[in-house]
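These notes are about the structure you will find just below.
Letters A, B, C, D and E mark the chains in the order given here, with residues in each chain numbered from 1 onward.
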Amino acid sequence: MKLTFPALFGRIAFSALAALIGIAFALPLLWFVFAPFNARAELGLAVPDPWTLGNFMTVFGNSFAMQALWNSFIQAAGGVILVGAAATLAAYALSRSSIPGKGAVTYILLLFSSVVSGSAAMVPIFLIISSAGLMDTHIAVILTFAGGLLPTAMFILRDFIDGIPKSYEESAMVAGASPVQAFFDVALPVIRPGIVVIVVWSFVNIWGSFLIPFILLRSSQNMPASVAIYSFYSEAGTPVVTLLAAYALIYSLPVVALYLFVSWKFGFRFFGGIKA
Amino acid sequence: VDLDITCRCVIGGVNSATAEWIEESVIPAFEAANPDINVTLNQFGGEDAQLTQQLALDFSTGAGPDISGFDGFLIPSFAEGGLLKSLDELIGEDYANWEGWDHISPGIRSILSYEGETYGVGLGTDVRMVFVRSDLLDEAGIDADGWQPSSWTDLLDAARKLKEAGVEFPLQLNAGVAMGEATTMQGYWMALLGTGEAVTDADGKYIVSSPGILDTLELYKTIYVDEALGDQRAQMLADGRNRSFANFRDGKTAMLVEGDWFYRSVTAPGAEFEVADRDEVMSWKKMPAQEPGAGWNGQDFVSISGGTGYVINPNTEHPQEAWKFLSFMMSQEQMTAFQDYQPGIRSRSDVPIPDSPFLTETSQALLPLTTARPNDANYNAVSQEIQRMTEAVVSGELSPEEAMAQYKAAVVSIVGEENTVSL
Amino acid sequence: MASVEFENVTKRFGDFTAVGDVSFDIGDGEFVCLLGPSGCGKTTSLRMIAGLETPTAGKIRIGGEEVGHLHPKDRNIAMVFQDYALYPHMNLADNIAYPLKVRGEALEKRHARAREVADVLKIGHLMDRLPSQISGGQQQRTSLARALVYPAKVYLFDEPLSNLDAKLRLEARGFLNHLQRDMGMTAVYVTHDQAEAMALATRIAVMDHGSIVQYASPIEIYRRPATTFVANFVGNPPMNLVAVEAMQAEGKLQLRAKGLAIEGLPMTEAIAAALAAGGGLTLGVRPEHLAVVAPDAANAITAPLFANENMGPESLVTIDRGESARVTARIFTDDHLELGERVTLGFAPGHVHLFDGKGLRIPAAGE
Amino acid sequence: MASVEFENVTKRFGDFTAVGDVSFDIGDGEFVCLLGPSGCGKTTSLRMIAGLETPTAGKIRIGGEEVGHLHPKDRNIAMVFQDYALYPHMNLADNIAYPLKVRGEALEKRHARAREVADVLKIGHLMDRLPSQISGGQQQRTSLARALVYPAKVYLFDEPLSNLDAKLRLEARGFLNHLQRDMGMTAVYVTHDQAEAMALATRIAVMDHGSIVQYASPIEIYRRPATTFVANFVGNPPMNLVAVEAMQAEGKLQLRAKGLAIEGLPMTEAIAAALAAGGGLTLGVRPEHLAVVAPDAANAITAPLFANENMGPESLVTIDRGESARVTARIFTDDHLELGERVTLGFAPGHVHLFDGKGLRIPAAGE
Amino acid sequence: MTTEPLATSPKRRVRNFALLSNRAGATFLTPAGLLVSIFVIVPFFWVIFVSFTNRTLLGRTALNPEFVGLANYLSLFDPATFFQRGQFGFSLILTTQFVLASALVGQALLGLLLAWLIQTVPPWIKRITETFVIAAWILPEVVIGFAWFAFLDRDAGTLNMLLTSIGLPEGDFLLQQPFWVIVVFNTWRGAAFSMMLFNSAFSSIPPSYFQAADVAGASSWQKFRDIGLPLIRGHIVTDLILITMWTFNTFTPFLLTNGGPSYRTELVSIYNYRVAFQDFQFGKGAAVAVIMMLINLAFALVYLSIGRKKTAPRT
């Protein structure tokens, strides 16, 4: 396409700026390309010499840390399913029903959750879980995360659903579908991209979170990776950088994979439903 | 009967030796002897403080492992909050009659005691000293083998010489908030004891203003601000401790005050901060008092010890079985077995230190000199104020006087005016 | 098939009355068009029949039975939505067959039936596409197909052809017309296009501001519009309305306005009453009843030519009486007229409509 | 004002050719309508003029200058979008004045100018409202005003009246007509409504599948459609096309088809050539040239009545010759005809159009 | 609230017919309602209650906390120490600056810029940029903490290597500009969310709006200012509410600076952690949490009132 000089220049400048920002975002992660393969601890960016998989070997040998990855997965998957399902139902109800007072609910819950996400609320949560006899179980972690993440998930998802025309469900109902049928046949597929955002967001949150599992879990066979990563600290209390880098790399892969998968499969958008 | 034991230990991770010992030696042997008791080890991978939080929550609700690893200096605050029961109350006779007490010195026993009651059994203790790089000292013209500093001045003079010889940060005395308790124990205490003072006086009141504190802070100022004999940045960064280790490894630091584990595990072969040809280039010196004889208790040299041990959950359903296991674990036989996993200074005098000349020497030389932190529920909070005070000086932000004034105000508000004293 | 009755139905949104106290009946098998300008309450009325909107007051009956308590799904209604409301994640086959799916039909059977309807609407070859992959007109027909795929008591259409081009629209109109006559379906059809309403309806309900202004057969509405609003709204181009001064002379009516003088209309009692009530009269003449005549003809309006639009067989000749008071004639000629030239449009007195000061029709003599 | 030229312009989307090798000129001051069915490439052509789409091949000139390298904002073009594209957050004044704002006009000056244009379009009193607070028709006029507020070289209209109801559409049409004659603006106007094209254009370009099928004046297109496609597309309802068998008898042409027999049409060389080429002939008669006649009349088509749509002054009478071959007449009567009854529609031989086997017009004698 | 269709339709429907009956709605709300009640609402009130007691985790008041009225709040606002480093006031001011700089200016503005930029750049640049920006958002925080630590290392960190290679002086960032480090860090970490949200918002604007402006002669900047920005105002409010809250509560900078040096990066969340989990003073920690919530509320109200015209609650 032929363009005038200023227009061409503008385009190039835009692209260059975008690329530059992208690179700037990538730089801090560069270290992870090298450090895990380096035999010697380096905080600096250094091409490993020689390359080694030894760190990974050590990490794989740490059965606690490996088990922890699986635990993380159980907790994150469980939490995500719960958050996804409960938030979808609730956000849908808040958007589509005429329950009184639904307008401000999400705002208020959001504020409440801002208090509860801090460390001060760990004690009541601990007390609740322990009086329910759920201490040291995956389900305790899953429930607690679900509760904590729900207000935000509902807030985001409700925005999303509000943006989708009601005539989808209306037409289904006129055609004879019950509200539940309309929800599953029509509404759910349409709001899927929004649910996907919630799923990724809550997965990432649970996957990386330390405090809650740490407060609610006790036995080593239940601890998630966010806790296990501290086992790569020395007796003196300082991190063993090489192992940590190797473990961090393994620990990061699932979230990246999840993101790539869902954004390829479902798209990743906040508003507007499926492209009609 | 099922028993749970938790320690901050992970096979293949932090304190791997402890975990291996319990898993491979203690539990099988115990279960063989007591077929009706089933013991499970929970490896805890978090940080010390995190284990503390867990235990506090658990013990307050009646949950938690039956036996747990425990840092001695936390005994007072747990005991005061009713989160621990003394062994006397919990076990009674069996505890009192345990053979092990005959082999554990009162000093070490006191680490896990508070107000005369014993709450747990110590596993071992540690001592602190000055580690030196003989090769660097030699290069700077100091005869490393023969040299033993007898005053702060000696220490500083050596540092100056080293500096001239091109050693970037000759002396490391921990300071700052980021290193946490490592600042208080390996840094502040080691200096303060040299002035003849301690954090509390004989009555247990906190000393909040004294010449000793000032001198200590002046020492910090000399090292880090006035003469740049130490790595000022490392004291302030979150990974400062690692940096100090790396400095030592890389020959940028020649004298470093640390505990015995520095030799045992930090610089050991295969570790991250492995010092090549360790036994050639590395040795240790006693920490001198400010002036000979001016140290704590009138000593020429000082050291301080902490210690960890194991406590029994106050709410355990099976206190007797738990005690059975704990005492079995602390038996001479098992503790000796532990030495195979990781040699160290053990609480029992009848457990020999295996062929580790380093540990044998240091324990012989330093255990007689050492002291321990005060058994006080507020110590933890005060310790943080100490770290803050050192950081203020080391960063050059406050003068020693100002820093001490700030410390005073803070400690008064923590423990109350009546529990403080100015000298 | 079933009848539909509105009894004093009112729908308010907050303070705003979208439909006000409307009563009318739709007979079984009737095809009624709701015709009116944007925002007059057409969609709202339709949605109340479907149960998607709850009347604030009044009753709606379908087949004689009050339906206030019935959920939309239980009313057995078919509806075409203004915005199609096609399900973006289903292909056309599934979209069209959806009503059958919720009725529990087997997959094959319902797809066969969907295909049948789609074929009639000429979208049978697109059954595998998603709604996003077809054109606007095809989407509209899909929506239509979905409504027609199952037998319903009442069919509701909300501007179902608005997005089709003239040709397709005409075709679809013919199809609906036929369907209604074949199946005898009861249909309520919303449109703002009066030609469509004329062509399809058995009766037209002309709405304005939430009320029904006239409810009658198309020809009645065309011939005897009840108000100036109806007169103006129905007919393309709309009826010319001219405010006139009325005088009575020798038992006859005289009308005067700028460029216009009509003498000798028959005087009736109704006219006399309207005159007595005051407020002036309005004269209405349909464009197709006007012709270009000699400048001195009687019963004529003269003004400069404003526009002359040739539309194939016919032309629209508009003259401008000033202040935007324009009169348009629809004539079958393509005489050349110069813009600005004075043109005289004449009409037969029998084709004249009269409205009183309130805009209500004054019945012609003998009506 | 400026002329616009297309020289072998092609636009492909991927494999799909939306506009294929189109060349035509629009004279300075001309008002050209692009007319054609949905998807034929009208919008695409317009967008290429505006610079919103880049031709795959070929050149576009505005005022004689090639504009391929110019960004839309530098082409000095005014455009009305199909969906208005009014900015919902600006009031009408700001919306209309926006092109002046980006040209750096002072606030007062631009608002004064916006007001002027708005007044002409009768939306002057709404200047403080937001687009959401005005009716569809007013929105459309706002969009129009925004295009007309500044002097542009070429005005582009993409179905600017499609969303208006009949009455408003007519009004706006009149206004545009006037404007064009007053200002002599060069305009390209996209529509799929042939009546609109007829009424407005100086020339019409009938498009189909990305090509221009006929480019001529409205009356020419109406009277002498170049192909069956044009014949079918222009005219409302469209021309009736009947495939006929042609025979030559005594120097005259005879046409036969089901229910139809025409004798004695003059034979021309062109017809002879078409017959020789084979492929059959197509007979075209416009609905307005048909009338209900006696069953035994000559030059007539007979079939059962399929639909009879009354549209006010006139009716559309459709008969069905089977297999969807329908013939529609547009008649000024409202005789009652029964559905299914056999109806005969007659016409004058002079009103007949003939097309050859390829659908191309066979010139009538003397054309 | 913020997704009103951009279409110019005058209809904003209030219905008493609802797609979901109240009963069905209540059923749909039940699972979330239960979870939220137990894990958010109950703890919330517990926190409020505890903020009026001197409850601690260890020591005497662990088992027998006393009601102390406003003492916790008063001690936080003790004028003698309020502004001292390591005290509440210092943290509060620091956090406010941090939120303004890293959430409002950093994340929201950078997110906006990115969202706008990637509308127009070639798809492959868009994809790459998006991927890195989002990677920064989804990676676990411990991992991120380390990566940055290595990135900023004075001696051999990636950043200093870069600076030296282009002839600029090295920086000792963590020590000299710790505040700006965590600001940049948090911007880096969180910009993805704003970017994605604004990206969705922009793509929900009909393209003809921009084309109309193009034809009218508007430049890229004019289009952004006059059309893009005003039309996504509602989304901006949503975004600001969320990222402000998240930034107030973020703990991740702790992994980078430990709150130091000398408390110069001790955000309120870190302060709160120290009070509650290192000093074990739950009463005081709870008071901090309550104050933070009030500040969040204030921010949210400001955003809502600024964005009000476009965000009238949709009922």
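Just so it is clear, contacts are C-beta pairs under 8 Å (C-beta built on N, C-alpha and C of every residue); 3 or more make two chains touch, one makes a residue touch a chain.
What you are looking at is a predicted structure, and each value in this text was computed from that prediction instead of being measured.
Any chain bridging chain B and chain E, meaning touching each of them, is among A; the list is complete.
Among all pairs of chains, A-E has the largest number of C-beta pairs in contact. In this assembly, the C-alpha centroid of chain C lies 24 Å from the C-alpha centroid of chain D. Distance from the chain B centre to the chain D centre is 93 Å, each centre being the mean of its Cα atoms. If you average the CA atoms of chain D and of chain E, the two centres end up 56 Å from each other. Computed centre separation for the pair chain A/chain B is 39 angstrom, with centres defined by C-alpha atoms. Residue positions of chain E touching 2 or more other chains, listed in rising order: 10, 13, 15-16, 57, 149, 277. For chain A, residues that reach two or more other chains under the stated contact definition are 43, 123, 165, 170, 173, 229, 239, 241. Listed for chain C are residues 39, 51-52, each touching two or more other chains. Only residues 165, 167-168, 170-178, 181, 185-186, 189-190, 273-276 of chain A touch chain C when the two sit together in their complex.
Within the complex formed with chain E, the chain D residues making contact are 50-52, 71-79, 81-90, 98-99, 101-103, 131-133, 139, 146, 150, 156.
Residues 37-39, 122, 135-137, 165-167, 170, 173-174, 177-178, 181, 192-195, 198-200, 218-219, 222, 232-238, 286, 288, 306-307, 309-313, 316, 318, 334, 339 of chain D are the ones touching chain C in the complex.
Residues 41, 43, 58, 61-65, 68, 123, 126-127, 130-131, 135, 214-215, 218-220, 223, 227-242 of chain A are the ones that touch chain B when the two sit in their complex. If you check the complex, the residues on chain E that touch chain D are 6-10, 206, 208-209, 211-219, 222, 226-227, 230-231, 233, 310.
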